[in-house]
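In what follows, structures are represented as structure tokens.
Each of the next two complexes has chain A plus one other chain: chain B in the first, chain C in the second.
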Partner chain A sequence: MQHKLVRVLMVVVLLAMFSSLAAAQDKAVVTWGFWGSPEEAATHTSVAEAFMEANPDIEIEIWHQPWSDYFTSLDTLWAAGDGALIPDVLFLSPPIRYAARGVLEELTPYIEAHDYDISDFWPGLLEYGTTYDEDGTRRIWGFPRDIGLEVLYYNKEIFDEVGVAYPTDDWTWDDLLAAAEQLTVVESTGRVSRYALGMEGGKFALFVLQNNGGLLDDMRNPTTCLLDSPESIEAVEFFAGMMDNNYAMRSANLGQAGGDAAVFQSGQVAMIIQNASRVSAFNAAGMNYDVVPVPIPADGQRAAAAGGAAWTMSALSDDKESAWTFLSWLQSTDGGQGIYTASGEILPALESTALSEAFLGSEENPADPPANRMAFIIEGRNAKPGGRVAYFPEWGEINGNYVRPVMNEIWAGEAVPAEVLPGVCDDVDAYLAEMNAG
Partner chain B sequence: MATTTGTARAGSDLPQVVREPVNRTHVALHVLLIAGSAVMLLPFFWMLSTSLKYPPEIFTYPPTWIPNTIAWDNYPNALTAVPFDRYYLNSLIIAVSVVFLQLTTSSLSAFAFARLRFAGRDKLFTIWLATLMIPFPVLLIPNFVIVRSLGWYDSYQALIIPPAFSAFSTFLLRQHYRGIPLEMDDAARIDGASSFRIWWQIMLPMSKTTLAAVAIFVFLGSWNEFLWPLVITYRDEMRTIPVGLSKFQGQFNTRWELLMAGAVTAMLPILIVYMMAQKWFIRGITITGMGGR
Partner chain C sequence: MRSNAPVSRMERFRLRAGLGRWNPGQQSEAWIFLIPGLTGFVIFVLIPIVMSMGVSLTKWDLLGPPEFVGIANYVELLTRDRVFGRVLVNTLYYTVVIAPLQLGLGLTLATALNQQIRAMSFYRLIYFMPVVTNIVAAALVFQWLLNRDFGIISSIIWDIAERYGVPVQPPDWINNPIWSKPAVVLLTLWKNVGFTMVIYLAGLQGVPEALYDAARVDGANGWQRFRYVTIPMVSPITFFLLVIQMIGAFQLFAEPFVLFGGEPPQSTLSIVYYIWQNAFEFFRMGKATAIAWLLFAIIFVVTFIQLRLQRRWVHYEV
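Right, the complex of A and B next:
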């Protein structure tokens, strides 16, 4: 009797082992590569778990690297050229640079085959992951997960303390300057103990485009530099002037002081102009703050940049259909978009997700600060392709060699915009002429 | 000061204390050394101080050396935000294994280069030494491809076997072996000892200090290695401390307080190894200074 029981048990155990083995073999495995802090990685992991629950036949294997070395690791994998090691779905920015290297799978055929709705992206955002052939054929290589547009963050406690009215959605540059004058505190020694504004110099193109200026005439097929136009020069002068008057922290000081989020949290600046990525840190620190759209010149325009790191598919993936299933799920309100948005880390790439409870909250389930989340929606609806976002690979070289070094001199107070910007444009124009000729 | 003391005591019957004249060079030297060590220690104290601050205080101006509120919870937070215990264990396993293997391979090859006679010995040694000139990033991808083809991607083998061979350690040990009188070998050979036995029973016991010094260098190198463990592993279970710590540096935010708390914790084994082997460590530095012997 006992023997029989043991035999039956053995058979049951063996059967169970075989069936679980068979199940493991049936499962498709999609490797998913992303960067992120421990907190962001935890959100990514919960996204993977939610996906596996909804799609039991696909297993997600995580390939997580620290931000600073994500691209080093990835470059090594690409150089080794082993498709089995390269993650099937990858977080990349800017996607078209990698598309040009031939390491990405084009998503357009999958979008068409599966009727994936691309109209839900913010205006122009998808352009960030798109290239065009000479005959005009559109090729999509990546889905931006979020849109990195900026809003004006302000510290309510400082505004209350000084007695300045809070910023509003229709603030202009003049309102910003008037408030800045009151918010800045210069000690008798000449040291500035509080600046009104902290904004990285590298974001200057926001002001340029708000003022109807520009970087280049066309951000896909450029021929001319626009930084020497009167509108561009006026915008650069506006920003440089804020630094000269101690209203805005000089870019180098900002970097040394730990960046805009750090100085905003420590109360060294009253306002910053930055994207949604800082929200979770400010909430964790219990800050009393809110946001408004970025102030614009009286006759200017909103100039949110339509760009954000994107989900892409490896050209060497060995199971592209499963990779697509995961990728398209990541980019849906009920899937990844909703989870990331609810975590408070991003402003989602899809307008419907931004307008959902996940971002705006509801009466029963109010969203975390900032209260004026509609500021992000206002900027999102006015986002434009091009302008500040370049869609050609040489931009990195142009910016690094000709634009950034001179702009840094301006932000350091060592150069006058009207004197140096024409020279920048001469260099850029010469480079573009050579680029277009060859 | 000395003069006033002397005058005050002049009236008493006690014999006057004759002080040795203060050696000015010594004073100057000590001032210089103290200043030097202060410069060396400042970053360490800053790390310690930052590891005990809450984020808003880290970048305040003027900076504070002693935090207003001591944030002890940074330590448990840093150690639990990432699987730090696993990173620690991995780093220890790898460092200890690499030290053991590298000492074995290096002392054997150093013995061959220093004591055995065979055709092309010195040429071979020059080639082996020349590999020191190749910067690691150049070797990164070839090494990666080899390790991958062996099926070692994301494994302990990948982290332990490639660093088990070192031209630098071989060089240090060879220089040491060359300083030991050849008569030792001859005497042993007359008694019938094999080459291996000479290495094991004569050379190794006579090289303890050098071996210890090399061991410390290898341990330090392995403990701090970043690039290779970064590219050859991807699962958290295989990560080492330096790679794990870099996770606190995000795209937009760096958790300096957690990063520093982690760095302080990561430094402890190094500190312990150094304290235990201080004598040999300093000797090791002296050896490297005498490379041409």
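Right, the complex of A and C next:
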């Protein structure tokens, strides 16, 4: 009697094991790699859950590393070359660097086969994940998840206290300077107790491009440095002048003080120029603030940079169709884009998502501050490829060795733009000549 | 030798096991015992050293296959790379300034703490604490002390200026290149002087009391006893510390990196920072390893010179 029971039980257990195995075999598994803080990882996980609910036949496995380890871990996996270990869908920046190494699957055929609408990306943004063959064939390797558009954040309380009118969407550099003069507080000893503006020196190219200057003539196949053009020099002088007048915090001080978000929250600066990444922190701190598009010179242009970390597909993925299903879902308003945007962490890569309730809110369900979210849309519609975003791998070295150190001297007040920028261009031109020759 | 001598049980066992007797020419057993240690050494030290020599002759971005370029990386560094020249000068500055200050301060502190006073171990602990403090935490504290806008020391100076109407301003440690290097030196000294002090303390306690007594009898005053007994007697320690501290100063990296919030001004960059930058920012592994080998060569030459010079001033006899 007992023996029989045991036998029946064993059969049941075996059957159960087989059936679950069979079920597992039905399901496609897509491994998904990303970096991020625990909060960001939580958002990613909720995105994976939402996808699995909508697509019960695909299971998402998460491969998560902190930013500091992410790329080294990936490099190790690629060096080992085992496709089973490498995530199928990956978050990467800059995607074309990896495309050049042949580790990514080209997305163009999938876009064509599935009629995926790429016109919804902000102008120029897709260029960040695109390469061109010598015959001009366009190859897309990654979908930027978001776009790093800067806006001008301003602390309403400080503006009220000083009695300066709030910035508007059509502010120019002159308006910025006039307000800065009133907002800055310098004590009789020379100590600055409040700066008008906090902006990382590394963002100077924004001003340069607004003023119709440039870094290089071509950000894909560069031959000449443009930092010594009169427009570029004028823009650098504008920024450096703000620092010399104590209107803007010197870049190194800003870094040491904990960055623009910290000094904006502490009231040490009245305005910052930064992308949407600071919104959630300011909202959590309950700050009274708003945003406007970045002021431009009277005869200048908007110069938002079109770039952002991108979703890519591994060339070694063993189920590329499922990977594409997930990747294209990630990059849709009803899918990943909407969830990320609603979490307040990103400015979506798709214009339709930015214009949706997820970003702008609605009558019944108003969005969190800043109230003037249209400022991001204005910058997004004017985003340009190239300019501040480099599409060739040597830019890191050019910038790190020849541009950034000299710019840092300018931000420190130790060098005069018109005197040192021609020298920067001499160095960069020499490097480019050697690079293009060899 | 083996003929008729009585054979112990142990020896019989060894003979049967084929191990035989000790024989100076036979070292296979030694190798067996060395294998565990040697394996680690070969895999984790020797092979990487040889490989890095090889990598320094290539152009390699870590992912693609390395491309052999001969000595091009070295040529670039020694002829065209202006940044390398600058970081080399900075590093020499650190070495020349930090090592002697470190030794002088360490010996002074050690002498002061080698007395019989109350709560001595407490003072020793205080001075040694920075050595075991995390460099990132220490650098942050220095930022909060020195920062011109909100640093505590700077605030005191601003307050004095305001209260007494004196036209003084705190130095601009980050932006002014005249001050930025001393800021790094200050942090490094504060951080490491405890180590020098502890080693000197040990050395001072090894100086025989009899020598001081003899000097006293000869009428030597405090300074003379220090100059003609203490200093020569701790000279082997001084030599050891000099070598260690110079190598440490050549390899300075974390201090400027953290003190200036991840983007140190060019006036403070060290060679090791440039190695890191080339390897992990510019992905030029070949150039980075070439710099590492040049740094090795510099340290080797300096240490070799020190070893030769020590004969003139280091006293080993007791």
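Just so we're on the same page, the second predicted complex is superposed on the first by the 420 of 438 C-alpha atoms of A that agree within 3 Å, B and C clash if a C-alpha of one lies under 4 Å from a C-alpha of the other, contacts with A are read in each partner's own complex, and residues count from 1 in each chain.
In this section, contacts are C-beta pairs under 8 Å (C-beta built on N, C-alpha and C of every residue); 3 or more make two chains touch, one makes a residue touch a chain.
As the structure is a prediction and not an experimental result, all values here were calculated from the model.
With the two structures aligned on chain A, chain B clashes with chain C.
In the superposition on chain A, A:A79 makes contact with both chain B and chain C. By the touch criterion stated above, A:Q268 is placed in contact with chain B and with chain C alike.
In the superposed pair of complexes, A:G190 makes contact with chain C only, with no contact to chain B. Looking at the shared chain after the overlay, A:A437 reaches neither chain B nor chain C. Of the two partner chains placed by the overlay, only chain B lies in contact with A:A281; chain C stays clear of it. Once the two complexes are laid over each other on the shared chain, residue contacts for A:G400 go to chain C alone; chain B is not touched. Within the superposed three-chain model, A:A257 lies in touch with chain B and with chain C [touch as defined at top].
By the touch criterion stated above, A:A165 is placed in contact with neither chain B nor chain C. Of the two partner chains, chain B is the only one touched by A:W35; chain C is not. The superposed model puts chain C in the path of chain B at one of 22-30, 76-84, 202-210 or 256-264, which is 22-30.
Overlap of the chain B and chain C interfaces on chain A: residues 79, 257, 268.
Note for the complex: chain A touches chain B at residues 35-41, 63-69, 72-73, 76-77, 79-80, 82, 85, 193, 257-259, 261-263, 265-268, 277-278, 281, 285. Interface residues of chain A, counted against chain C in their complex, comprise 75, 78-79, 98, 101, 103, 187-192, 249-250, 252-253, 255-257, 268, 393, 396-397, 400-401, 404-405, 408-409, 411-414, 427. Within the complex formed with chain A, the chain B residues making contact are 55-61, 81-82, 140-141, 144-145, 148, 153, 227, 230-231, 234, 236, 243, 246-256.
Contact residues of chain C toward chain A in the complex are 61-64, 82-83, 143, 147-150, 158, 161-162, 169, 174-177, 260-263, 265-266, 277-278, 281-284.
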